[in-house]
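Chain lettering (A, B, C and D) follows the sequence in which the chains are written, and residue indices restart at 1 in each chain.
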Amino acid sequence: MNIVLRPAAVIMSLSLAAAVLSGCSEQAAGGNDTAAGGEAACEPSAVRLVGQVRNESNPYEASWLAGGDAFAKSVGLTQERLTYDGDSTKQQEQISQILAGDTKCLVMNVLPNGDSDTAPIVKGADQAGAYLVTQWNKPADLKPADYKTWLSHITYNGVESGQQIGDALATAIGGSGGIIALQGVLDTAAAKDRFAGLQKSLEKNTGVKLLDQQAANFSRAEALTVTKTLLTKHGDKVKGIWAANDDMALGALEALQQAGLAGKVAVVGIDAVPDAVTAVKNGTMTATVSSDGSWQGGVGLAIGFCAATGKLKVEEIAKDNRAFFAEQFLITKDNAGEFAAPKTNPADFECGNVFNRVAGPLT
Amino acid sequence: MSVPALEVRGLVKHYPGVKALDGVDLVVRRNEVLGLAGENGAGKSTLLKALVGLVAPDAGSIHVRGEPVRLRSVVDAADHGIGMVFQEQSLVPNLTAAENIVLGSEGPAVRRGVYRWEVMRRLAQEQLDKIGSRIDPLARTDSLSFADRQMVEIAKVLRIEERTQHPPVVILDEPTSVLEPKEIDTLFAQIRRLREFATVIFVSHRLDEVLDVCDRVTVLRGGRSVGEVATAGAVPRELHRMMIGSTGSDDHYHENAATTVVSEEPRLSVRGLSGATFRDISFDVARGEIVAIVGVHGSGREDVCRALFGAEPTTAGEIRMDGRTIELPSTRAACAAGIGYVPAERKIEGMVGPMSVAENMTLAKQRARLAGPFVAPRKQATLVDSWIRRLSIRTPGRDTPIQRLSGGNQQKVILARWLVAGDVRLLLLDHPTRGLDIGARSEVYRLMRELAATGVATVLLGDSLEEAIGMADRILVMTDGRVATEVACPNGGKPSPLDLVKEMV
Amino acid sequence: MSTAVAMKPVHRLTGFMPLIALVALVAALTVADPDFLTQRSLIAVARTAAPLIVLAAGATLVVLCGGIDLSIAALASLSTVFLALWLPELGGLATPAVILVAAAIGAAQGAAHVLLRIPSFIVTLGGMAILSAVALVISGAGTVRVVDDSTIHWLDLYLAGYVPMSAAMAVLVVALIAVVLTVTPLRSWIAATGYSESAARLAGTPVDLVKIGAFCVSGGCAGLAAVMLVSRQFSGGPTMADNLLLPAVAAIVVGGTAITGGHGSVWRSFAGALVVTLLRVGLPIVGVPSAYEQILYGAIIVVAVALTLDRAKVSTVK
Amino acid sequence: MTSEVVNAPRRQSRRGASFRDAGPPVALIVVFLVFAALSPQFRSLDNVANIVDAAAVLAVVTCGITFVLMMGSIDLSAAGVMGASALTVSLLVANNRNDNDFGLLGIAVAVLLGCAFGCLSGLALVLLKVPSFMATLGMSAVGLGVATLMFAGVQPNISDTMVKGLAIERFLGLSYLTWIAAGCVLVGWLVQRYTRLGRYAFAIGGAEEVLALSGVKVKPYKVAVFTLAGAFYGLAGVMVTSQLGAGLVQAGDGYDFSAITAAVVGGTLLTGGRGGIGHSAVGVLLVMVLTNGLVQVGVSPYWQGGVEGLIVVAAVAAAVIPQRRRNQVVK
């Protein structure tokens, strides 16, 4: 250790001295400081497309990346796929690494892991002048309109979807009876909004009683165990199960099947993953709400691509389009067939159409 | 004359920088008990390891019943009928005695990987019967007494009989070092019984034992065999002379260096000390006095010793040092009070093997190497080097990991640990000479006398009764957790071991 | 004796193994994507690695003592929440307050381990669950935004335009720990405790205090890592650092510190943390697909440990 | 995680040993009674069956991990191996992704895949000398990667009635999976008691160097133990797939640490050489009773993890305190 120590001490004191001499700066020197900001349009072939989601091992995010690939292919590029295993720090690390490279014509379509992860991503992209579209998670006071290259934030109205399926569930159980709720990861906006939606629905449907609510962390396996436990706890009083996403709803379905209650308890979820849509179609599930992963994966890149190539002027994007709720549909047995095979429609990604699915500004 | 059971010719083994074996010759005849004597470093361990295939010799040959063999592993050696009872017991503590006995050569007790407990119990029982032991084969090994475990170990080695048609060669490496006198007697009876059907190589530091149980003794020195003695009529001093290459001093315990204890206020005064395994212990130790505590296994003397070092909780009683009552809630408090402790299990509790001689030596008295709150490398170097010289510790340097030193030198470092700050007032020595050879023992004894002369009080748990008698000014005999009696032990008026044994049981 | 002399070159080489592994990894990533080896890119790696370095450095002390601290990540998460909650009121004092509280929590776990004689694995596993729960409750299970980050913003600056302040702080912390260990008896005490606790205790080493101290430093480092994370994220969250646990342990082991205790150093963990960061960040950036990235990560980390382990010092591998 | 030398200076008294053995069952009974007193639903027969059912997968994983812990090693590969095995079995039995319908053979392949992963961990340990902590952590990442490769973006849902039936069909009020788990515990106990592999695993944790000295080649047994553990994880992956009706990459999420917790709470030492399948089974039940009980008595979801952690620490402390010694080594 002695041998190692001396140089270390030297380096330390040198770096401290350097700090005193030169002071500190906001940003690492070197590299390109040209904040692109839409001034010089990029050649379409020079654009670098990056899509970042949690992982490739769930159907929703896999379809997101597939949508991104489809768009990239349509403009003759490839999408760089990044996954961060639902690990906030890893996401930040990847972003800062990407931003440390060439950022001139960089377009990023990012799913921040949680609300707290959005700010540093935005800040980093803004400094580097990379085009950024974020989805789902964002703190309310952070607004794309305040930034030059943060083009848009796309999300679905969780309160609305939570309420929609809550209402559907209430109808399915005939307006009265006990239900249980499976919550998502407790510290995410999606989980909170959706649950707030359920509470709104409960206010309206006074006959429906929330017997219990437990977190199952958006996970199918956890939902299975939690549901089983809640079923024994509340027994026959459970008429319906409200799940904050389809994975948990599917887990709950398995639990019902194992408890011999399949078909006797109504189940609703959100996200419209293929399995859930099939279940709705078969009637084993009551309802889900669409959120179109492949469209999200494609459109985020498309907005960025259009801005980078100059076809979309950042200043000209309507304020309401800088942060918006995308259209979503309640899927019930009646319309499940239409959603059974989601396809990406290249027309959705034309520069003129990218904001076609805006359902309203973020509230 | 018949072919010897085992013969070693010109065995050579080099370790980096050391020639451990320098052409050893050894002949072991059938059905005899051969003693192997030699100081630490004489090459005994290396020779034994070569005989059981743990060390590959660089040159020379090993002949079993006249046939030259190459032993590549313990199993190989066992196939040739050679087995060893290791110095540190080699039993798996959490298996049953039966499993340990058949371990590695389960034979019919395990068929296609599946245990047949009844067969195993029977096999083990057969082995135990050979040596007349009445241990339950299905008892967990760690629930057995040390002596019983030794029996299990011998039973295990005797399993090699089943591998060859010839009488086995059983090597016993320091089997007596931790046994109580009664247990040693049992062991010797077993060895004599073994001789009926096996050949035994017996290694011990206690020359009287070697002469007692062996037919013949081969003496090793500097990696060579330097002589052979028929035990009938031989005396320890003769062996000792051959081992060290010159006439040994008669004054093994340095008795003429013993200090006269001046009666004054006692340095250590223990009153009514009680704990889990001992009750109402009271005694005094004066400045410069060496008090030995003797007793059989389970007499509680080890725990008294540890309690005095704060390593064992006490329930009642008072400890005074130089007239002041002290509390010992931790070993650290004991250190601060000027108490030093040399534990019996040197390798586990005494030294920190991978750490350097210097670090081990200064571990307890960090103050001695500090300047202000910081380690002063020069101060440490001077200090450690001076103690290496004063205690003539043989080490390549102060930065050598202590585990590379020989046992005696390790023990000296551990002793030096308490001396470096010069503030030790009471030394607790728990079997300080366990596993050391005569030369190293003698040096430890000399050191104890020197310390006593400077006024250090010593509590000694001796390795043998002779050691306790030889070193102590006073002896406490403990039985069943109590002090049974106190025997004065002045120079010229030493009690005989027999007198003490009578008190111990 | 010549033993020692003969050993030296080999010994030196194993000492530098973590560094060699680091260089090899950078080289491999550069071959895979030549753009990787740019100044900005390396600066970004340094900035990224800072919290992990600090976390790993603290936990290294616990590992050196022969224990393990599984609560560091949860404690860092909790600390981010504390910091975010306290910044508005305490301002500049929030940072030292958080570090102190985190150190106190670490010390409390150490005390539980030492006094109740529960294996550190269990204490800190339980601690991890308890701290996470506390973080969830006090944060209202949500992100706590930091509006005014002026007092921690300095951590996000660059020294002399090149060196990220957080990375400089990380180096400073590692150096500080290393220096303190070397110039005081602490290193002997920690190593002795790790190699052989009973021998250390019977040599009067304050084993209990050393262990509690190690946990305390580990906690403090978790607090500092939390400050770095908040300065980077502009918010605190109850699960923010949770995923750093296994990378931190991996960093320690990849550095060549023996998980059984005694042998190792914070410098090794420093190199280990850089290796792990490069793997976490570098592989996806140079374009390795997600599935293969995990496979490569697993394989490389095993090989890296095989390289850095000093077999002369570690007898049994469990 | 260290091996103490053969002849520990101070032996455990036999009474101390029995104390340690009695602690976890007593804790299980106490915790059960406390919850039973607090919640009438908890003590219903349905709920007890539910607890036992819910324990099935964890029990199988813990069986595997127990053997590794007995050796004094540690195994964190469960999550990855289970993910890979879950995907494998869901793609081999009747499913919505391909036309395979291998039934039992598919299950066998998944279990064998688990074996292969375990074997690799073991080889990394004995050949590369990588500590098991790291070797298995790396293997877990590899397993997840392999699983993600097989996942390829589309969730494989199984339609094989036999596999799905395992979770749904019941015998004596408990699902088939539970009986499979019980079988695994029994097999594990037999292996531990009556086979050389089990006894040697135990002995390796007790005193590895002695085995080597007695001419036992330790390495193959270490690899075999990891392989056996891998087989249990593989089977657990199949069981999760059967429960969920789909192959999930995340099938094994969290099982690694829960299984270690269960084993340790049951009285298996992380240093090896003590404990066993019986202990672990008690530990699994203790953990499941806790998880279930906290939901039944209505502890807030925010606090559940924390309360569980606290009780686990308290349970271990309660088992340890009676045999505390002043100079005891605790790692």
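Here, contacts are C-beta pairs under 8 Å (C-beta built on N, C-alpha and C of every residue); 3 or more make two chains touch, one makes a residue touch a chain.
The chain lineup, named per UniProt: A = Ribose ABC transporter ribose-binding protein; B = Ribose ABC transporter ATP-binding protein; D = Sugar ABC transporter permease.
Everything quoted here is computed from the prediction, not taken from an experiment.
J.: How many steps does it take, at the fewest, to get from subunit A to subunit B if each step moves to a chain that touches the one before?
T.: The distance in steps between these two chains is 2.
J.: Counting one step per pair of touching chains, how far is subunit D from subunit B at the shortest?
T.: 1
J.: Centre-to-centre on C-alpha atoms, which chain is most distant from subunit A?
T.: B
J.: Once you find the CA centre of subunit B and the CA centre of subunit C, what distance in Å lies between them?
T.: 43
J.: Determine the centre-to-centre distance between subunit A and subunit C, using the mean Cα coordinates as centres, and give it in whole Å.
T.: Inter-chain centre distance comes to 31 Å.
J.: Calculate how many whole Å lie between the centre of subunit C and the centre of subunit D, each centre taken as the average of the chain's C-alpha atoms.
T.: Distance between chain centres, rounded to whole Å: 28 Å.
J.: Got the subunit A residues that touch at least 2 other chains?
T.: In subunit A, the residues touching two or more other chains are 55-56, 186.
J.: What parts of subunit C, by residue number, touch at least two of the other chains?
T.: In subunit C, residues 136, 141, 182, 198, 201-202, 290-291, 293 touch at least two other chains, as defined above.
J.: Which subunit D residues touch at least two other chains?
T.: 9, 144, 148, 209, 302, 327
J.: For this entry, which pairs of chains touch?
T.: Final set of chain pairs in contact is A-C, A-D, B-C, B-D, C-D.
J.: Spell out the residues on subunit A that touch subunit D in their complex, using ranges where they run on.
T.: Interface residues on the subunit A side: 55-59, 62-63, 65-66, 183, 186, 212-215, 219-221, 224-226, 228-235, 250-251, 254, 257-258, 260, 273-275.
J.: Which residues of subunit D touch subunit B in the complex?
T.: Contact set of subunit D toward subunit B: 4-9, 11-12, 14, 193-197, 199, 202-203, 205-207, 209-211, 213-216, 273-274, 326-327.
J.: Which of the residues in subunit B end up touching subunit C in this complex?
T.: 15-18, 309, 311, 330-332, 334-336, 341, 343, 348-355, 359, 362-364, 366, 369-370, 373-375, 396-397, 399-400, 404, 417
J.: Can you check the complex and tell me which residues of subunit C touch subunit A?
T.: Of all residues in subunit C, those touching subunit A are 15, 35, 38-41, 43-45, 47-48, 51-52, 136, 139, 141-143, 145, 154, 157-165, 168, 171-172, 175, 178-179, 181-182, 187, 229, 232-241, 243-244, 265, 267, 277, 280-282, 284-285, 287, 289-291, 293.
J.: For the complex, which residues does subunit C have touching subunit B?
T.: Spelled out, the residues of subunit C in touch with subunit B are 1-4, 6, 182-185, 188-189, 191-192, 195-196, 198-206, 208, 262-263, 313.
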